[in-house]
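First comes the structure, then the notes that go with it.
For clarity, chains are labelled A, B, C and D in written order, and residue numbers in each chain start from 1.
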Amino acid sequence: MSGSAGVKVTVWNEYRHERNDEQVKAVYPEGIHEALRSGLSSFGYEVGTATLDEPEHGLTVEKLNDTDVLIWWGHQAHDEVDDAIVQRVQERVLQGMGLIVLHSGHYSKIYKKLMGTSCALKWREADEKERLWVVKPSHPIVAGLPEYIELEEEEMYGEHFDIPDPDDLVLVSWFEGGEVFRSGVTYSRGQGKIFYFRPGHETYPTYYREPVLRIIANAVKWAAEERGASPYYGNAKPLETIVAKK
Amino acid sequence: MSGSAGVKVTVWNEYRHERNDEQVKAVYPEGIHEALRSGLSSFGYEVGTATLDEPEHGLTVEKLNDTDVLIWWGHQAHDEVDDAIVQRVQERVLQGMGLIVLHSGHYSKIYKKLMGTSCALKWREADEKERLWVVKPSHPIVAGLPEYIELEEEEMYGEHFDIPDPDDLVLVSWFEGGEVFRSGVTYSRGQGKIFYFRPGHETYPTYYREPVLRIIANAVKWAAEERGASPYYGNAKPLETIVAKK
Amino acid sequence: MSGSAGVKVTVWNEYRHERNDEQVKAVYPEGIHEALRSGLSSFGYEVGTATLDEPEHGLTVEKLNDTDVLIWWGHQAHDEVDDAIVQRVQERVLQGMGLIVLHSGHYSKIYKKLMGTSCALKWREADEKERLWVVKPSHPIVAGLPEYIELEEEEMYGEHFDIPDPDDLVLVSWFEGGEVFRSGVTYSRGQGKIFYFRPGHETYPTYYREPVLRIIANAVKWAAEERGASPYYGNAKPLETIVAKK
Amino acid sequence: MSGSAGVKVTVWNEYRHERNDEQVKAVYPEGIHEALRSGLSSFGYEVGTATLDEPEHGLTVEKLNDTDVLIWWGHQAHDEVDDAIVQRVQERVLQGMGLIVLHSGHYSKIYKKLMGTSCALKWREADEKERLWVVKPSHPIVAGLPEYIELEEEEMYGEHFDIPDPDDLVLVSWFEGGEVFRSGVTYSRGQGKIFYFRPGHETYPTYYREPVLRIIANAVKWAAEERGASPYYGNAKPLETIVAKK
């Protein structure tokens, strides 16, 4: 089961749509970050939030050092995220902080920086049905999930999705209008684990859906798992037997 | 940390060397399975054993159904393992039982059946130093481990190791005599997770070494994690909208 | 471009439906193998055929030794394929012969033996539209192909498809009725390269379609590429410096 | 066999060591780029060069558009490479230009940008023997190569090498002093294929060695292969049946 005492999660949200757009405000009156904070707290995590318009976007060195897993939602203001903060986040990921990138976060600076590709895709806003099929049922991110989950209405994202081949392809989406999409993909970068998860357009109540929250909660647990020692980089000594030979 | 209450482990051992060979008996007087049972119990698992010469090799339907993770050590008597039992084990793996294959188990019927390759390799018995380097430090199988572990004397296994590309390459071995080896590799087969781990020649006290036991214990935890629902296979119904259309 | 002088292809076909079923006979009067032989010959390959009811299923040692890439189509008579021939084919694949498995061949003995899994899936015969989307556009198997190919009517195959994680996921299918499927997947087993390609139900003229033939032709080229030396397996000598030390 | 008429290769070299350091000048009097140009030309490629101190580092838009595969060697002046040129190269890779990064190029801006990680590693200059073992003998990059190649003296690079899991792990190095290294790794980024290849310290005549040149030549061929169509990104139309429904 998902949930793990002591895991510290920070939900980062751009938090613009919810203040500027009545349709979005109606769905997420306190912001997407609050919906996620509330939903993930029920799995036993210690969840805080941070938003774009806070000083340092709410992502101070202290806050990041105190975060096991960072969740990222952004859309219209990717360019306003400061490059120095993006680099700070990248460094923390390489040191072992987990990162879960949601929906339109595919185009965020931090995701593109960690992937090395354009992260471009096809999209369409047409209230289409989405089915997310599990293609790797042995993966802990789909623990407790059925074979597929269905979202009555979502934005379409379609292939080709310009990302590196994932370590694990966990979910593939089907859309009514004729597209497929790699919707749940994992990566390892340095000591850090990354999960990209597609659903969550701001005009739909996707982040209140139980299976959606469960997948994110499972991903938090997976990304926060203990790992190996931090490697040493740089000039290295040889075996003593070799030293002796010279 | 490794260890998880309630996880049921069965250690299967061929158990011939320890009875036939004085040198091996001196190292593992009660058998390799007992050394592993004792070592893994200290991580909090419920550990049982099974051996080749028991009825059904100790792997009855009931025993397998009651096993979360099966550990396999075999060497000189691979051919004596009954094909029907091998198929039974394979089916349980596909249904979700974890499988950890150790050392010379690379040539076991069950491992070859799950890999689809010859699983051949190079080898040499020359008391060589082995260093197992962590190449994926974010993986939970190396949780709590240093950058490498060193075994003063082991049998050499060398590339090419004729296995499918692993899902994750976790450890690579260096040997004194000039070879390298993919020593810790993971696979998913059906609902089941598989870990092959190289060390453990019968004439060395490898399975008493703390880091070796820790890796196996971590692998047990990883292989026993909760997963997604069992998929449905066979004739399937379409979406209702499609049915209506026809 | 596809096609390569001197590459020898053998198309193996069960060749039962085309003789027993009027609907299939109407589509493939000379058998699926003849349609493929003809189609692939136009890409410049030297193409022969073999069928189930020939002695040794047409797959003698000489024939296999003279084959660079074997193509496999079977459906209702998988169980009639002799285990000894299956093992012979597996050994040739491990030695470097390419293998392309088509459509219902997912359940053939040879494919299951090389995968180590059940290779089960969902299916439905409902004349559904299929779209095969390219998800790895850099792969030579989709050279010269557009972003997706559309088949007006095909049998549906749906996830979960119980196969190992592929080396490369090249194509993902969308079906009208709500399913997705990993339709073009590559594997390496020993020295041999394997490509599974989904389309080709016996009641549709799929194997006369240009993009379908092009994908198969590209896969032949890919599977026939020159490779590294055959590895040596068994007892191995150490570096001289180590020998000297002892 | 390696070599392919019409493939255009550009070898980019920092070209500082060879002018500033007598020891390096003695090994590569005309620069590493000239050694590679000469060596690769013998495989039938059309090979040009470019160096750091040329205008735009020799990598104008025209030059890159006329390059199928770019080879990169840099070391002490990574920081002098202009960010705008790095971005230009990245964009060409995503559009399909192949990229082969050699030795100390692991720390180049372009490689780090495409990987998303630190690309850090261990190193040691101690004239150590290196053995590069083939771990994926079916890969075209090792076509015509023996099981391993041995370099009498090279700089050591050791794990952990902080890179993403490669698409294919082709070669693993063994070093006298006790380390291993993933020495030949492939990636796909956008439409482009990338190969990182470890050997080539500036004080050793590594790039005159036949097997080393053959691997690079094979990688050029592999990276220049034809691929699928350029995907369309952006707002996308649905199937007509869906349009009709709305």
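Note that contacts are C-beta pairs under 8 Å (C-beta built on N, C-alpha and C of every residue); 3 or more make two chains touch, one makes a residue touch a chain.
Not measured: the values here are computed from a predicted model.
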Numbering shared by both copies at the chain D-chain A contact, with half separating same from different: same
Chain A-chain D separation of Cα centroids, rounded to whole Å: 31
Separation of chain B from chain D, taking each centre as the mean of its C-alpha atoms, in whole Å: 36
Touching two or more other chains - residues of chain A: 134, 136-137, 147, 158-160, 165, 167-168, 178-179, 188, 190, 231-232, 239
Chain contact topology (line, ring, star, complete or other): complete
Chain A contact footprint on chain C (complex, rising order): 131, 133-137, 147, 158-161, 165, 168-169, 172-175, 178-180, 182
Touching residues on chain C, where the partner in the complex is chain D: 1, 96, 129, 134, 136-140, 142-147, 167-168, 188, 190-193, 225-232, 239
Chain C-facing residues of chain B, complex: 90, 94, 113-118, 120-124, 126, 128, 156, 158-160, 162, 164-165, 167, 176-179, 187-190, 231-239, 242, 246
